[in-house]
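Given below, in the form of structure tokens, are the structures.
Shared between the two complexes below is subunit A, which has subunit B as its partner in the first and subunit C in the second.
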Partner chain A sequence: MKIVGKKFPRKAISVLFVGLNRLISAFLAIFLVCSLAGCGPPSGSGAASPALKTFHFAMDQAPTTLDPVQGANIYANFVIVNAYDTLYSYQYLARPYLLKPNLAVDFPTVSADGLIYTFRLKKGVRFIDDPCFPGGRGREVVAEDFIYSIKRQFDPENQPQGAWLWQGRITGLDEWKAAGSDYAQPVSGLRAIDEHTLEIRLTRPYPQLTATLAQGYSALVPREAVEKYGKGLGVRPVGSGPFRLVSYDTARVVMERNPNYRQEPVDLAAEGYNPATQKFSGVEAIQGRSPPFIDRLEFNFINESSASWSSFTKGDEVQLTVLPIEQIDRVLASKRPVTLRPEYAAKYHVYGGLEAGFVFTAFNMDYPEFGYNPDPERERRNQALRCAMLKGYDWEARNHSWYFGLGEYFPGIIVPASPEFDPALSRASVTRDVAGARKLLKDNGWTPDNLPTIVYGTTAGTTERLFFEQFRAWMRDIGFPRAKVVQKTYANFGDISRAWKRSQLPLVAKGWGLDYPDAENTLQLFYGPNASPGSNDANWKNPEYDRLYEESSVLQPSPERTALYHRMNQIVLDDCVAITGISRTRIYLWHKNVIAVPDREILGGFWLKYVDLKPEPANIPALVKGG
Partner chain B sequence: MNAVTLPLTAPNRASGESLWHKAARKFGRDRLGMLALGVVLAYFLVALGAWLGWWAGGWADLTGTKWEPVSSAHWFGTNIIGQDIFDRAVFSTATAFEVGLSVALAATFIGAVFGAFAGFFVGSWIDEFLLWCMGVLDAIPFYLFVAAVAYALTDNPWAMQVAMIATFWVGTGRLIRGEVIKLRGMEYVEAAHSIGVSELAIIFRHILPNTGHILLVQASITFVSAIKAEVILSFLGLGIKDGMSWGLMIDESTKEVLAGFYNNFLAASLLMFGLVMAFNAVADALQDALDPRKVG
Partner chain C sequence: MEILQYALRKLLAGLPLIFGVTLVSFALMVYFGPDMTYQLLGKNPTPEQILEVRHQLGYDQPFLQRYLGFLREIVTFNFGESSTGEPVTALLAKTIPVSLILILPGFILGHVVGLLLALAAAYWRGRWPDKLIMAIAVIGMSVSFLIVIIGFQIVLSSSDGLDLFPVRGWNASSLGSYLSYVTVPTLATMFVALGYDTRFYRSVIVEEMTRDHVRTARAFGLPESRILLRNILKNCLIPFITRVMFSIPQVAIGGALLIESYFGIPGIGKATYEAIVTGDQPVLKAVVSLTAILFVLVVILNDVLYRVVDPRVTLK
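Entry: the complex of A and B
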């Protein structure tokens, strides 16, 4: 049992502590006697409810909404997939990541031409009890809920951010939107054959469709909740996931176990368990048991990594954190493989791996200063300007400064975690060449006087300010006056994310985590029709690229498709539309009483329902013995 | 018959020496005060050099690699991205003086004018209104007020200074009000009234100059408060937007200290400590020197 309480400085209040200890001991003794003598509450009333199993963990940003229709970032998704159900999720322990049915009974049956998908939904799954339902009791989840939820992504009133996943893919859906998003009208490509059978008809083959249904965007939302709460749904999720929301603010999200969550005992083999690499985590303890195993889930949003680390090492606060880079030399015994120094290894588990994503800086081509320009000559010079900025960027220094050399920087937008990554691609675009950059600027008529002002947007924070100062120094090296590289700060990630979506920032410096293990997921970031508010924050529109994207998007994984991916990657590089990129190594540490294999890559927040906590018997004897 | 009290700027006929001369003489005899003044002047010269571009111009440049130790090339080492900590610390001295001087001058000026009006028209609606303003500003927690101003003046580099000026003038205003209430009853003011001098002229030409000793001390106290507040606000992300300050350096050091690298923290803290201590000593010495009740 875990005793919840704050630790006090021993010296300062030792006298008080002795007295308090005696008081507690006396109270416990009276309580024990009363319990044995039967003077407690009537049996069956839960005389002393057992301590709640609460898992606290730290994330670096807070979500700005919990509505799946706007769940555009990993922070929102972590909560959404635990409050709502998606048709598919990922096997908890399988690496590389593998899809598995979640609310769906099994994988869909697909017609021979790849255009018709049929899904079967589990029966008897209920939404949580909520006043939005008649009598306050959650009703059963049905296929119509899925159709309604996807329609919401195509209703402009919701300011949806996930439509890009299905735009132009599902028959009749774009037309439904064009006709005014009337929910009473059907969509020809979305049909509920019966309450538990769903049919999706596609305009063209979409091999990633099933993977998109493991996204928080596709989470099943009950219509009753939307009609009752409207925009309030963003702070009051009503789903059928393993947890239900207790509270939500910018400091933390607290969720509690959904008591009506379906009983599905864990089969570790089916979850991809690998004893050789995962036995240390103790996950064998959850074999055959039905999640969730914890009573409360507490997401603590701590922007500063040092604060997160302090909370983690304190012992009785957050139990899982990402290792702050400034602690790497102090905590790790070795970087490859990642191992802890003995004093940390005694207390914590560790896991380190290259992220399934990358960090990059895209040029917003909507800005005529360096993007599209009505004057073709200026547009040509703008391309040279962008290419010069690429040459001036110092990936080696960035990796050394911020990732202790643990990151992997690479050319283009196909990340190392993608099966289609090309290790043989020329590294010229990630090799600093200041002289080449200066020459390029000079040859194209750029001088310190006529260079445009570059606005570099970041969230507020020390690290972000230093990112900016580093970037500004690199740009100064290639000829930018200091006053022409300026920082614009946003209070939090949600604010800057909105600015990207509204095309309000000329430079988009961001990270992207793969939604599914397929390079298509990063290539779509530059697909023309995905322009803002879609995922193409660069607002780049290249006909050849778009054509290749459309051609590849209907192909199953194959060398032919990979070749198309590589050509698209090269077009991005040639047009210098982004300074890209680096995949960071993320190192997780968690307390040894936590049974988990944490992840924030493709798996997202799905693993949280499998977290369990070992009992901590040491706390009780300590109190009882005191005095 | 009331005793005649002479204005402070008039020569003290008994000793034949004005208050200012006497104060200068007293200050000159205060060895700690003189030493502190020397330190402040040294800081000022450092700031002046940074303003004129004589040194610390490379505070934003990447002149080394990550966390270099102290060396002849980098006297205080380098930070996480390879910037020279000495240059940044020196440049921050200029920032401290910019903030300190601008806030001290503006807040003292506003405090003097509003305080003088409130005191001169004591009991009138002007006095009531100004007292109400002072009360309201005193009631708002300073850092919340700064945050609100910073939000209202989004991206304005002067947001922090505006917030400081808007609150720091109150203390000066109250002191000047009290002093002016005392002065307005003096015979030389009544004499000015009787010969038809306008009220504004009485305030600005005859009364305010006689509060100079208070204003000087208040300005020095405000200067120190502004520097300290700037460091705290910059640390909290509400201060300097584009530039460098000791507060930002201390903010940077929060991560570095955890990694065992203390150069940023020590450089900024010690330099700030030196200036604040010296200026406090100067303010104390000024207060002693200008206090007519103290024998010297």
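Entry: the complex of A and C
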């Protein structure tokens, strides 16, 4: 049966198209209204003028705030150390990482007892121009700004995250907080001798103090900005760093050159330049010139690796990215050393950077099933159980499954990025020995029936599930029944952190990034008094270890201190308190017109002010203008 | 006047709905949602610092007090500051317009093109154009939105594909740049929406076309365009309106979330995604409230539109 007549479509569709035209017109009207109302970015904030030297790069996550008082993660620090000044920073090219003065004139003068540090600040450094200052002109940075900024870390109103670095260390600071964090009240251990001289008095020697003053937490914030913007400082940094913020949203951060940034010509030798390994990057071009060299920085937050890769390979939409794991076989010609296939080598530079940190799994010793137990015999058997699990763990497989086979797994908790790392340490604890593990279990009376159930906590997600399945497979190899290795999932990192801090998980699988290049930063993870909710998630308490930690914690870097570190490391290994560890390798790719040696460790973006772009024919006039 | 009275009555009737939605979602957030405490603590916290942060976040307050505070925030439309320190209202004012101009083209074109394809499929019902359109519709419905997004990105934007548009980013400062950034998200949205919309519209149109009054109208010799507009499409308007109206909240929140995340567009969807990931409760509370209010408004508007298109509908 024919239902519709032949004339139906032509006229009917023409009528419909009239309606469609109206709809499109209405949409365009809405667009124009939105544009006028400011839906799009303000002029000059969104798209960079082609005349500007702009460096676009990808990061896998956005910072949650730009306020140094909460600058806890690498993503926030990428922006913070470029918007603000810290007294110290790290040499651009030196690996292992080496401190250098930044806002400080030089390294501090330290009293003989190691308790009084005196710092000299550079003169004539100014905050960026901002309405928070009288007349809108940035004033000079002075020693009182440092004192104010450290006080902010001890004011609970700010929800500070960096206080742990100085807690119990600086004279009078904890008392100042206990008295109500009144900024009008002085702190006996923080004194501005004059506008450019600062004195810090310590309760006990703290050799890492100078390194803590390179961290974003210690960035100098002007009081005027805090008083004017309050919590809004988290989206509107007012600092004296090489760049100033233009815009910040969930998709990207745009910064532009601070036109008043101090003139400090680059001395590549002082930045730790190694021609043998770094000449390819072209960094010699910045010798003798004052950074920053680019006009704009664009941080693009791209969580999806496919989008990041497409943006990177497209042209100059993103000029620097971390190589996604799924592209590795397509892009790399070899892994050791990391080299690119010819078609990629023609366009990009590559660098495999070892993580300044590690991934490990600690046994929570609060659990009597394999930790501390009132029965000494059981506790002895528990230690054997832990050691057997260490033997059963397959670091090589993990490295190949998850880190391109490029990670560096090592015994103990002193990571390769620490100057105190001992490459000669026996690798027995990271070498898989299934037979040895089975024998150890058998010799100590462990059978499939009496082995305890192991609860492996992870955040929810496919990758985490695969981590667990791999772990379970290894444990089954040494004799654990399948049902005795179980996964417990948490919705997000905050939830699993809560479980760790409340000592509610038997196994703590986590990563730790170095706050400063000193093995103390990882050794403190097993210091007894740091037990939960502190950083010692293993809740391990070894009197000898704790004594050595306390002894070493007041020593300046020296062979004597390194020897103590190594003894502590060995105690951790002997007690089999953690399955440890691996430092991952990130492979950075960047376009050949970019002059840089990228990194994301320790401080995040401390190297961004040294980035330059090679002149290209179309850009030459702009480069001449931009300097 | 009758419509206004009806809208006001429905708005009042919608208050318990908003109340219920906010209560349930707030309870879920409090008891099962992310705990920001441990994300805001430093690396080596003391028990005192944990208590301080919990106090700062208001976690130490009784549930009822926290919920009343939430209601106050809704009434005053002041949701405090997000974890970045930015006022949530400022964040919404910044992100919602971006999402609107991002989603609108795909939303409008999806429905319009879906309707046109449905008309064509209905006209040639059972023949190859109908089968072809329905096959494409099934593909649109079957393929994951995520795959569609990645596929469109690779095909239209990447250097491995046609390289016609930016892979990601956003700039609506001029019509030209806006069109270059909005095209691929729009096509991806349309591709998925077309599947559902075309099938739905086709089935409604086909059903209407077979009714007696259409056959009668045709027997009277009325022009086909008139039959289409007055006898078929007009009678289809009630299900059409329902379809369009109830896809608004879904598109505004769910669609924008994926699209904005993959295309790096700073709209409300991406802000919501980040808030979920980081446990930014002030933002989540604002989004939940707005979604509930949007649903109520859609229901009211939906009923009012019924009345507009069909005078037989009584607004009681």
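Methods note: the second predicted complex is superposed on the first by the 376 of 627 C-alpha atoms of A that agree within 3 Å, B and C clash if a C-alpha of one lies under 4 Å from a C-alpha of the other, contacts with A are read in each partner's own complex, and residues count from 1 in each chain.
The rule is short, and it goes like this: contacts are C-beta pairs under 8 Å (C-beta built on N, C-alpha and C of every residue); 3 or more make two chains touch, one makes a residue touch a chain.
Bear in mind that the values here come from a model prediction, so they are computed numbers and not experimental data.
Counting only touches as set out at the top, which of subunit B and subunit C does A:Gln504 meet: first, second, both, neither?
neither
I'd like to know which partner A:Gln470 touches here: subunit B for first, subunit C for second, both or neither.
A:Gln470: touches subunit B, not subunit C.
Tell me the contact category for A:Gly494 with respect to subunit B and subunit C: first, second, both or neither.
After superposition on chain A, A:Gly494 lies in contact with subunit C alone.
Once chain A of both complexes is superposed, is A:Glu304 in touch with subunit B (first), subunit C (second), both, or neither?
A:Glu304 sits against subunit B and subunit C alike.
Using the superposition on chain A described above, determine whether A:Gln327 touches subunit B (first), subunit C (second), both, or neither.
The first partner, subunit B, only.
So, does A:Thr431 touch the first partner subunit B, the second partner subunit C, both, or neither?
Once the two structures are laid over each other on A, A:Thr431 reaches no partner at all.
Does the superposition put A:Pro156 against subunit B (first), subunit C (second), both, or neither?
Touch status of A:Pro156: second partner only.
Pick one for A:Asn530: touches subunit B only (first), subunit C only (second), both, or neither.
second
For the overlaid complexes, name the partner, subunit B or subunit C, with more touching residues on subunit A.
Higher number of touched subunit A residues: C.
By the touch definition above, which subunit A residues appear in both interfaces, subunit B in one complex and subunit C in the other?
Residues 304, 306 of subunit A touch both subunit B and subunit C.
Quick one: which bits of subunit B touch subunit A in the complex? Just the residue numbers, please.
Interface residues on subunit B, with respect to subunit A: 60-62, 65-66, 79-83, 155, 237, 241-242, 248, 251-252, 254-256, 258-260.
Inside the complex, what are the residues of subunit A that reach subunit C?
3-5, 7-9, 11-13, 15-16, 19-20, 23-24, 27, 30-31, 34-35, 37-43, 46-47, 62, 64-67, 70, 72, 156-157, 159-165, 167, 230-235, 248-252, 300-304, 306-307, 310-311, 313-315, 317, 491-495, 497-498, 501, 515, 524, 530, 533-535
Give every residue of subunit A touching subunit B within the complex, in rising order.
Of all residues in subunit A, those touching subunit B are 304-306, 309, 324, 326-327, 329-330, 397, 400-402, 460-463, 465-466, 469-470, 472-474, 476, 482, 486-489.
Write out the stretch or stretches of subunit C touching subunit A in their complex.
Counting only subunit C, the residues touching subunit A are 32, 34-47, 49-50, 52-53, 55-56, 81, 83-87, 94-95, 97-98, 100-101, 104-105, 108, 112, 115-116, 119-120, 122-123, 125, 150, 153-154, 157-160, 163, 166-173, 175, 177-178, 209-210, 218, 223-225, 227-229, 260-266, 270-271, 273-274, 277-280.
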